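Let me begin by presenting the structure, written as structure tokens, before commenting on it.
The letters A, B, C and D name the chains in turn, as written, and every chain counts its residues from 1.
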Amino acid sequence: MPPWMSSGLIYASGLALTAGSITLLYIATRTFNFAVASMATIGFYTVYTGVALYGGLPYQYFPLALLVGAITGVICYYGLNRPLLRRQAAEITLMMSTLGYDLVLLSLIQMYADFLTNTYKLFPRRVTMSLYDFELFGDRAAAFILPVIAIGILMILHIFLTKTKFGVAMRATIENPVLAGASGINSDRVYLVSWIISGGMAALGGAFMAMAMTGTPVMGMYTIPLMFAGAILGGLGSIYGGILGGFVIGLTEYAGVFLLSQKFGAWVLGYRMGIPLFIMAATLLIFPRGLSGIPLFKILKSLAGGSLGGEKRGVSA
Amino acid sequence: MKNMLVAENVTKTFDGLVAVNRVNIVVKENTFTMLIGPNGCGKTTLINCCTGILKPTSGRVLFEDIDITGWKPHEIYRVGFVRSFQIPLPFIGLTVIDNVLGAMRNPGEAPFKAPLLKKWAHVEEENMSRAMDILARVGLEKHWDLPSSALGAAQLKMLEVAKGLSSGAKLIALDEPIGGVDPASAHEILSHVSRLKEEGLTFLVVEHRIDIAAPFADYIYAMELGTLISEGPPDKVLNDPKVIEVYLGKEVEAC
Amino acid sequence: MLTVRKLNAGYGKLQVLYDLSIEVPAKGLTVVVGPNGAGKTTLLCSIMNIAKVFSGEILFEGNSLIGELTHNLAQKGIAYVPQMGNVFAGLSVMDNLHMAGYMLSKAEADAKAEQMTEIFPVLKKFIHRSAGTLSGGERRMLAIAMGLMKNPKLMLLDELSTDLAPIIAERVMMEVARMRDELGITILMVEQMAKRALEIGDTAYLLVSGQVKYSGQANSLLHEPELCSMYLGIKQLPGQGETKLSVAEEGSEGN
Amino acid sequence: MSTHGHFAEKFKDILLGRAFHMSLIIFVLLAFLYFSGGTSIILSILIQVAVFSIITMSLNLEAGYTGIPQFGRVAAVIAGAFAVGAIPGRIMAFFMSLPYGAEYASDTVNVKLVPQINAVLAGSWLLSLGFLLMCIVIAGAAGALVGWLISRPAIRLKEAYLGISMLAIGDFLMWVGHNWNIIVGGSVPVYVPDPFRIFGAARFNVIVPAFFLIAIIIFIYLNRLVKSPLGRNFRMLRDNELSASAAGLDIVKVRTQSLVIGACIAAIGGGLYVIYTGSVAAIGMTRLTFTFWPWAYMMLGAIGSNVGVFLGVFLLTILRTMIIIYRSQWFGFLQAAGIDPLWLEYTLLGAVIIIVILFLPYGLVPEKVRPMLPANRVKKVISQKQMQT
């Protein structure tokens, strides 16, 4: 595998999870979660702390990252999101509130990085996680493992949402909160679980992305536009769309930069962020509601069977 | 009487679903024309097509013989055709009088004139004086300086009418002006409207509380499932078996 | 079983119901009829805490329901079948039934779902299709099945006959009557197909413009010739002479 | 009512108003800082207040009055900062027959060029003043251009989509500046010629009142703007787009007007900021500093009230400064663990946003709903009406 492709796959898998996390939370609670940025960074630092202090492979700490991410999600739900949802706050207010939470988390991350530096004499502000990886088929193992994990998570999520009672109840609530309530489904619990899953996915996504890029306290902060780009590209209508959108954005960033720099020279590297943002802008200009506005995507979706969320929330209401 | 509004074969489909199907209506000048029909029969969609909120899939809309099909709402507003909304949408961050003034034009809307009070104050004063007259006509003159968020439901409905009047509109489309208003206020609202009609305005009113509204109407169109099923003066339409069927179900014989 | 007293309710600022009082006796079928926009659906929505209750009392088995979260109401044994949005379009028919029986155990839900597919064979045919692909009538059947899944003490049915072919509507009505007779479920039904509903109902209320205009025996209400005119809101139908307003007053006193 | 009673009433209103209480708190805090830290602290607070109140007022115009989710405030600030970093110096260089092309921004050349320009500027009052005005005009023009460009795609998007797109544009501009050396030197900051060099050591003491003056002019301008039919159009758009359109507003035009005016002002703020710091580092133009902080200032002060914005900027800037000054005294326990208490600035920022959203949804000094015309003119019209009836 050429290096751009292996890095691209790793990075894209991470971006897919974070974009999926944003999408899931948006369709469940109408909240554009800015805090995904810091949740992703927290996921990275959880894994980094594990390998740096206790040794082993990054992969063993992934479940821990999931857990920590889920906890940050739960805190945000109870402390911030639930009161606002009850108040039926506007979309922009919900979004701003997660921004506030994100900044608080960011300050804690920065302090934690200081703490690691000072107490354990580590260098947590420029981390190359791929150093802790092992080699597989003459390449970085992460390039094979992470996409598999991402797909695995997607499948688990799919099974959860289609085969378990609570998962189906989640889809039901997301589609029609009124009817779900009338059926006795506690929407509070559905939103809580959405935050748990979405927090976990965001943290894991961050841990993935750090395997391809330099891990820093502000890595989430820098990549959040790309995460949003992925979610918006996916149309914010279905969680599978979000994951696909994130993956496309991540891979085109690496592939695009590689191809363009071969053609035009290394200066292109500096504008790597422009490529995914350009894709997002172009998509939005043609389809103001993202990929799900494209008929082709609708066809794919109907082929894939009933997907999470449907096209419109409360179509029937 | 000349025709104010003519809708010819207006059709509107949403993703293959036909909401309005080849509907023809004519609103004559200085009438109170009513559009009735059960929920979801396409009344509001038709009004939306006429006022530019939606674009009709096919058909033509003429206002005073000008083809206004597919125009934007603010362009249709400019030729003298305005509408109110079923759920009042006041500008909650503005006072009652500013809600009305907002529908009047003023040189102070240009960015370079706006900071210069002298350039627009005299026009604003004239407008305000006109706005007070309009508020008096709809019975809101005492509340002119309240934030519009402080008004009650019936007052908000009248504010919608006032907004329509302030533009100097010739035809005002009212979407359920008495929906959600208690019967006493509903009578008051409709008497205000019919007084305004005497003054020369034309009204196209969508309403399904026909028990209260029908006595005020000059002409009624009845719709069901996106098509017109009856039209004529109130007596005729309300006794039309097809209309009674729609409103009562199949059991006309029972009565 | 269910008592509503002096209820004022609506959405946001819009008030739809005015001082409305109704009584739903246990194990009976109470029918609420009335023209479009009378507030029938809003009544059910206020009971389920979906609409906003401004003032008044709602008592279920002696306990107040005001402010109870919707999902707790379901757990108390109140099932609600809305007129619109009554199925989960993105879920399969089977999942819809299971969601409706969310509070039942797995075995109970399976058995109940089995029973439903026997009552409505059409559901069996489409059991793994997503509900969004069903036709209007099939959706309605599913919605009713979903209501029955809940083993409710009190069932709130909103306009069951909408979208149904007359024959099926008839069957659905019989099914409702059977639910009352055999299962002893208390039912509050809002219905447009007034004749059939009143024939099978025990108690009836006529709602006009958010107020009770008539209450009493369902059958006797059916034999009131005024019903027709009340529905259409015409004070005088030709050839009918004067309206007996006294009847309406009697009715409201009867509450 | 007698005139005397009227004034007493008004005075009482002011005394009981939140704005007055906030001003008192600010005054007390400033006095405290002055006695414990001296003039330089006060001046550095004031300069930040001047610059950021300009940026935040522009945000308030777009977000507070027009309801646009402007999460890309930094884009316009960048436009102003880059324009001031790139253009006026080059114009000076051109007239002084110095290199003004791509090489102007290269680090080795720029470091020698700017002192030469400064020397010329320091020699002439007129030239310095002209240079300052030129900077402001260029910054404003660049901002207006960027605002207009952003408004083109922006008119099609709604709510959060619009917010995210603007945020992405802001980030992208920062990366362009960081990588494209010939604008403002890329990763190496370029110096900005200093129109205040003429004051020598007293430079700082002059910048503060000068910038404050500019901020006050903008404050007056914006207050007049929002108290005009145009301001009413903005508010109509904010309150309800559909209804505004049905009331005859061309919403595309009104939105564009707000975005262009707002961007123009924000860019002037950006331009002043780089004049004050003396250099432009593209990487320093982050959305944290120039989008999120202004949002916090605005939300704390009040969405839709420029007085509130001013007080919000003041209060938070003081708190930020206090964290910096007293970090070792108050947060010694953090320092003991090797943690830099400066990160508390982020905590403060995040906490302010959260607290305001949860407990003060309308900010400390909420917008007052009043007619657009000045009160005395309104009174005249109304009393005329009452006489008629």
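In this text, a contact is a pair of C-beta atoms (placed from the backbone, for glycine too) under 8 Å apart; a residue touches a chain by one contact, two chains touch by 3 or more.
From a predicted model like this one, the values you see are computed outputs, not experimental measurements.
Novice: If I rank A-D and B-C by number of C-beta contact pairs, which comes first?
Specialist: If we tally the contacting C-beta pairs, A-D comes out ahead.
Novice: Taking each chain's centre as the mean of its CA atoms, which one is farthest from the centre of chain D?
Specialist: Of all the other chains, the one whose centre lies farthest from chain D is C.
Novice: CA centre of chain C versus CA centre of chain D: separation in Å?
Specialist: 57
Novice: Where the CA atoms of chain B average out and where those of chain C average out, how many Å apart are those spots?
Specialist: 32
Novice: As a quick test, compute the distance in whole Å between the mean CA positions of chain B and chain D.
Specialist: Averaging C-alpha atoms per chain gives centres 43 Å apart.
Novice: Using the definition of touching given at the top, classify the network of chains in this structure as line, ring, star, complete or other.
Specialist: ring
Novice: When you check every pair of chains, which ones turn out to touch?
Specialist: Chain pairs that touch: A-C, A-D, B-C, B-D.
Novice: So in the complex, the part of chain D that touches chain B is made up of which residues?
Specialist: Going through chain D, the ones touching chain B are 221, 224-225, 228-233, 235-236, 238-240, 242-251, 257, 261, 304, 367, 369-374, 377-378, 380-382, 384-385, 389.
Novice: Quick one: in the complex, what on chain A touches chain C?
Specialist: Per the stated touch rule, the residues are 165, 168-169, 171-172, 175-176, 178-187, 305-310, 314-317.
Novice: Which chain A residues qualify as touching chain D in the complex?
Specialist: 32, 80, 83-84, 89, 91-93, 95-97, 99-108, 110-111, 114-115, 117-119, 221, 225, 228-229, 232, 267, 270-271, 273-274, 277, 280-281, 284-285, 288-289
Novice: Considering the complex alone, what residue numbers of chain C touch chain A?
Specialist: Interface residues on chain C, with respect to chain A: 48, 50, 69-71, 73-75, 79-80, 82, 84-92, 95, 98-103, 106, 130, 132, 146, 150.
Novice: Please name which positions on chain B make contact with chain D in the complex.
Specialist: 51, 53, 72-74, 77-78, 82-83, 85, 89-95, 97-98, 101-103, 105-111, 114-117, 120-121, 124-125, 128-129, 132-133, 136, 144-145, 147, 149, 163, 167
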